[in-house]
Amino acid sequence: MKFQMQCAAMAMAVASAVGGMSIASAQTAEQFVPLLVYRTGQFAPLGIPWADGKQDYLKLVNARDGGVNGVKLTYEECETAYDAAKGVECYERLKGKGSGASGFDTQSTGITFAVTDKAFVDKVVVETPGYGLSQSVDGTVFEWNFPLLGTYWTAADVMIQDITKKEKGSLKGKKIALVYHDSPYGKEPIPLLQKRAAADGFELSLFPVTPPGVEQKSTWLQIRQQKPDYVLFWSAGVMTPAGIREAQASGYPREKLYAIWWAGSDHDVKDIGAGAKGYNAITIHNSAAKDKVHDDLRKFVYDKGQGTGAPTGIGSLAHTRGMMISMLQVEAIRAAQDKYGKGKPLTPEQVRWGFENLDLSADKLKALGFGEVMRPVKTSCANHMGDDWARIVQWDGGKWEVKSDWYQSDKKFIDPLVKEYAAKYAKDKNIKTRAC
Amino acid sequence: MGFFLETVFGGLMAGMLYALVALGFVLIFKASGVFNFAQGAMVLFAALAMARFSEWIPRWLGFDSLLLANLLAFVAAGACMVAVAWLVERLALRHLVNQEGITLLMATLGIAHVLDGAGQLLFGSATYKIDVGMPKDPFIVLENTFEGGLLLSKEDLYAAVAAGALVALLTLFFQKTRTGRALRAVADDHQAAQSIGIPLGRIWVIVWSVGGLVALVAGVIWGSKLGVQFSISLVALKAFPVVILGGLTSVPGAILGGLIIGVGEKLSEIYLGPFLGGGIENWFAYALALAVLLIRPQGLFGDKIIDRV
Amino acid sequence: MFYRENGQFKSSYRADLGLFPIAQDRWAMVALAVVAFVAVPLLASDYAFRAVLIPFLILSLAAVGLNILVGYCGQISLGTGAFMAIGAYAAYNLQVRIEGMPLLLSILGGGLAATVLGVLFGIPSLRIRGLYLAVATLAAQFFTDWFTNRVKWVTNDSSSGSVSVNSLQILGYSFTSPAERYLLCLALVVVFGLLAKNLVRGAIGREWMAIRDMDVAAAVIGIRPVYAKLTAFAVSSFIVGIAGALWGFVHLGAWEPAAFGIDKSLQLLFMIIIGGLGSIAGAFFGAAFIVLLPLLLNHVPHWLGLPLSTATASHLEHMIFGALIVFFLIVEPHGLAKLWSTARQKLRLWPFPH
Amino acid sequence: MSARRTGDVILDVRNISLGFGGVKALTDISFDVREHEVRAIIGPNGAGKSSMLNCINGVYAPQQGAITFRGKTFRHMNSRQVAEMGVARTFQNLALFKGMSVLDNLMAGRNLKMRSGILAQAFRNPFGWGGAEREEIAQREVVERIIDFLEIQPQRKTPVGQLPYGLQKRVDLGRALAMEPQVLLLDEPMAGMNVEEKQDMSRFILDVNDEFGTTIVLIEHDMGVVMDISDRIVVLDYGKKIGDGTPDEVRNNEDVIRAYLGAEH
């Protein structure tokens, strides 16, 4: 029996050796950025523009500024198809490339779990802007995780804030339902919402939808029966259009729907068009807005025919988010270079320092062409999320319209949760927390 | 009461669609003894073809009539499915005659991989639109019987009607036409059918084509509802319990099974779900099927097996 | 030439009953053991360990388990993922709930938990047969998916339903480096592989195969279908459960229920069909094939320097993978194990054709 | 013949009726089998001969009647019990375990005799700890004797699926013998054999009957063989018993003749 294992070992030794050669081709002044993506499978419609955005921005930086202080950005995509095991394989394949992987945006909750566990050992950064483990905000425990700009907890909190505003400041006796993708991703906001419900006196009812969620009739029949005042919609992939359709079919007003950002991209509602009119989505960035970065992208990349996706994709919500994520990655590298030497390729540890000392002021963002797109963010050793800003956009049947001003989550709900869950994680994995 | 009826009705509607997918399984299993795991992939492939052709054809031929576009697209997609059927028979089935059922099942899983890859490669993996002008908004009936009345979705209604029509059509096809009779002959006994000169190969191509067309209709219905994307290949998982509940070899079984599962899962989710924390309809459908099998191991309408030694 | 049986006469049945009746095989095995336990740990890269060898070993073990049920006892199961999941979650619970619970015991516990579920879902097999049973086993799959997702207790009340295990320690020695983890898996795989081999070549194995080949005749010679089938389910899901625990603890470290979804079940079924039904060795062949093929397909464009987009590449990968599956089923329905044994037969007589 | 050795009734079948849905396979069949005798059941195809054996084996459950074995009476039999009581069986159209080697097929016949539990088997080892290995070897020796007796030594390790028909029939017999039965039910052991093979087979059957004193119940179409080797004969036709007695009695029984001629014309 062992013989076959041997075959495997050898075959793989060869494979990895050859695979290794492409590593060898990396020259000195290059910084490697691994790109975990899913352009196929269940979540491809979201994954494609996201991946395009991530890659486009790196191309832009190379084309426009010749990299970061002269250090060219190299990158390689690896298809995960949103599958944890595949994701781990990609991570293992890319983590050592060049001077070391600058940071993994896994694009998946499941992969984040698996990779987080290894990142502690391998000492590479896992950046999860707007997803991942909400408690990983706590830098004292999660040295290598960076849920920048926001987590599902901040998102849920902001939704509640916006609803409260609509309800003239009080949710007493209101009914709010959470219709969620029955997976860790979908369940993430529950503890925060329960805390909120207790504090604000609204009644929270939970409606899990078994993935993939192509069939949600029973869920929406229940919604129709219980008539909640608002529905928070934590969906993904096909579950989103399916849900909106059922909402329409059961006559639930779309204006009362609040979707998480992964269910608030153009492709989610485009084809439903008028049917989704009034559908609200929270966004981590000012998705509706265009800014200099978009023009630059056209000028330096797409007009040269080097665009990753179709030019029409530029400015779409997911694409912009992709670019923003790459921008954060690049700025982390820049910050790290300021400390460890301009124009030098950096080790993952050094990049980590950059992530931990991000300070994107309004002017800086403006200079980068993101001034209109997002708000300033500043991370620290203890706070790996930085400042979370989010706002509500609404689908008017043809495009997204910004409906609210910027919100910031209410720390008095978030922070204790973060502490509690981070402590639990540290205990489970017996990680000794760093002092900050 | 009103709500209960709504639930049942919703279940029936959903069940009709499951039945449609299940039908594909049954047809193919009857005639070629293959449990076709690729059915879902076929639904996806067909839907992608339909969606993309209806988008491309007008551009190629330079006209803009939605109806015409859809008609042509449907024909084109149908042709694709026939081609797929032909290839499947040529490249796989033909070489796998009288293999174990499990081997054939695995082969269809391989085929499913190929179809998934090919479909997304040819037609793309983003979300695409099928617009056959299905009305989306609900309407209310029996307002004076129940307060609030019964809220029904036109889309579901049309979908169910379409599904029903297709089933009727197929039944006619099997009962009346020569090919239909030949198909049934094959289903009953391969050797015998061959010996009276029915060409198995051709029959398989036909039956897989029919399976493909069923997939196409299912694809159009689901696609126009959810938009066409990879995930609609997963509706197949909804059809499995239906198939075994009704009996692998029974067309009426597929229909009735579909309705039973549809209603069963909705009722379970709504009236049982809350006590179990919800999200139970998926496995409940299988549990239901399993329960029935324990009483009738060959499904409601399947053929009975007697040991002979 | 050197692979010859002649001159080796068995003077006792014991000799003939040995695992490897042919001397050359015995030597080959020894050599392989040395390579597996010594050479590989020294040579292989991090990537090879973590992304290839460890998953390969664990999946091989799972495939061995599944093969006992499908290949030896003829009961098709599409719910293997469920048994892996139960193994993983049970092991996890034992770890977190019992202070100082030894890792190996937790893993064994995982196996036992899976055994219970296996026997439970094996009961229908006494009445339901063939493809009906196959589809019915999906009930186990989807129920477990839901169960692990919904019942907070299973995930030790983790808010999201995802769990993560703490460092792997046995008798105070902690397995951190990929090589150590590889050896841990290897050791367990060898042990359970041998136990499985013993079972299938013994009385119980014959009962399973008898049920598979001709259940009525089996009953007539006094084999109880109930006992044979349920033991098959029990042993199979025990091994699968162990594999599941390893998959969660060693390979993933932290996971969500989706890690043991239906895809895993089908993947494992692929392994045993491609590798060879009713063959322990086949399970390893199959695992190697299914683990390596995508990686190789995935590397090919790199080697050839083809400028394929990620999407195109993975679509092609999908298609080629599927095509190869069909191709293998056509050319060798009995799997790689059969090819392997035919090759050995030829080698035995080489250079003569017969 | 061996008639002189026949002892008292060992197997007694009383008023057995069996039907599938509407179809009557057996109606009110009664006959007995004496120890050490060779008892034949004959009759045209579809007379219900195999169904009769299936009832004795507990494969089918008759709707009426009872079967008495060594004084113990059963409404219907349970395959396991039947086997434990020492009734073995061969099958009309080979019910061998095709995927298994000749050796394993015969060893399977010994499984009833094997005691070591699943754990003992799992931890089976060359040193004989736990006893599984020792047991295997002990049983293997018995099986090898049968292999010698049936002259199939060269095919030991061949999967039975690959053996020629004649040999498969022998393996089928061997598997039954491996159970060291007191009663041996043979369902058309010579069907589809050429003359030599038939002679071999009859020789084996008689040897078994003489040497081990095994009682034999035999279904066979070849009248020559039947008349030669059997002590008493039951004749079935359309699920009814139309004759019972010594070869000579049966030979001169009108109903039987009619049935057979009828069956031929």
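As written, the chains take the letters A, B, C and D, and residue 1 is the first residue of each chain.
In this text, a contact is a pair of C-beta atoms (placed from the backbone, for glycine too) under 8 Å apart; a residue touches a chain by one contact, two chains touch by 3 or more.
The model shown is predicted, which means the values in this text are computed figures rather than measured ones.
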In contact with chain A as well as chain B, sorted by label, we have C
Top chain pair, ranked by number of contacting C-beta pairs: A-C
Using CA atom averages as chain centres, what separation in Å is found between chain B and chain D? 49
In angstrom, rounded to a whole number, how far apart do the mean CA points of chain A and chain C lie? 35
Between chain B and chain C, what is the gap in Å from one C-alpha centre to the other? 33
Averaged-CA centre spacing for the pair chain D and chain C, given as whole angstrom: 40
Multi-chain contact sites of chain B, meaning residues that touch two or more partners: 120, 125, 277-279, 282, 307, 309
Chain A touches at least 2 other chains through residues 39-40, 44, 48, 182, 208, 210
Sites on chain D at which at least two other chains make contact: 59, 91, 95
Given the complex, residues on chain C that touch chain A span 28-29, 32-33, 35-36, 40, 43-48, 50-53, 55-57, 60, 96, 145-146, 149-150, 159-162, 164-167, 176, 186, 189-190, 193, 197, 251-259, 263, 280-281, 284-285, 287-288, 291-292, 295-296, 299, 302-303, 309-311, 313-315, 318
Seen from chain A, its contact residues with chain C in the complex are 1-9, 11-13, 15-16, 18-20, 22, 37, 39-40, 44, 48, 51, 77-79, 81, 83-85, 88-89, 92-93, 96, 109-110, 113-114, 116-118, 121, 133, 182-185, 187-188, 190-191, 208, 210-211, 421, 425, 428-430
Footprint of chain A on chain B - complex, ascending: 3, 6-7, 10-11, 13-14, 120, 125-129, 136-138, 151, 153, 155-156, 222, 225-227, 229-232, 234-235, 238, 265-266, 269-270, 273, 277-279, 281-282
Partner chain D, residues of chain C touching it in the complex: 12-14, 17-18, 195, 198-199, 202-204, 206-207, 209-210, 212-214, 216-224, 231, 235, 278
Looking at the complex, which residues from chain C come into contact with chain B? 70, 76, 124, 127-132, 134-136, 138-139, 142-143, 145-146, 149-151, 215-217, 220, 262, 266, 269-270, 273, 277, 311-312, 315-319, 321-326, 329-330, 333
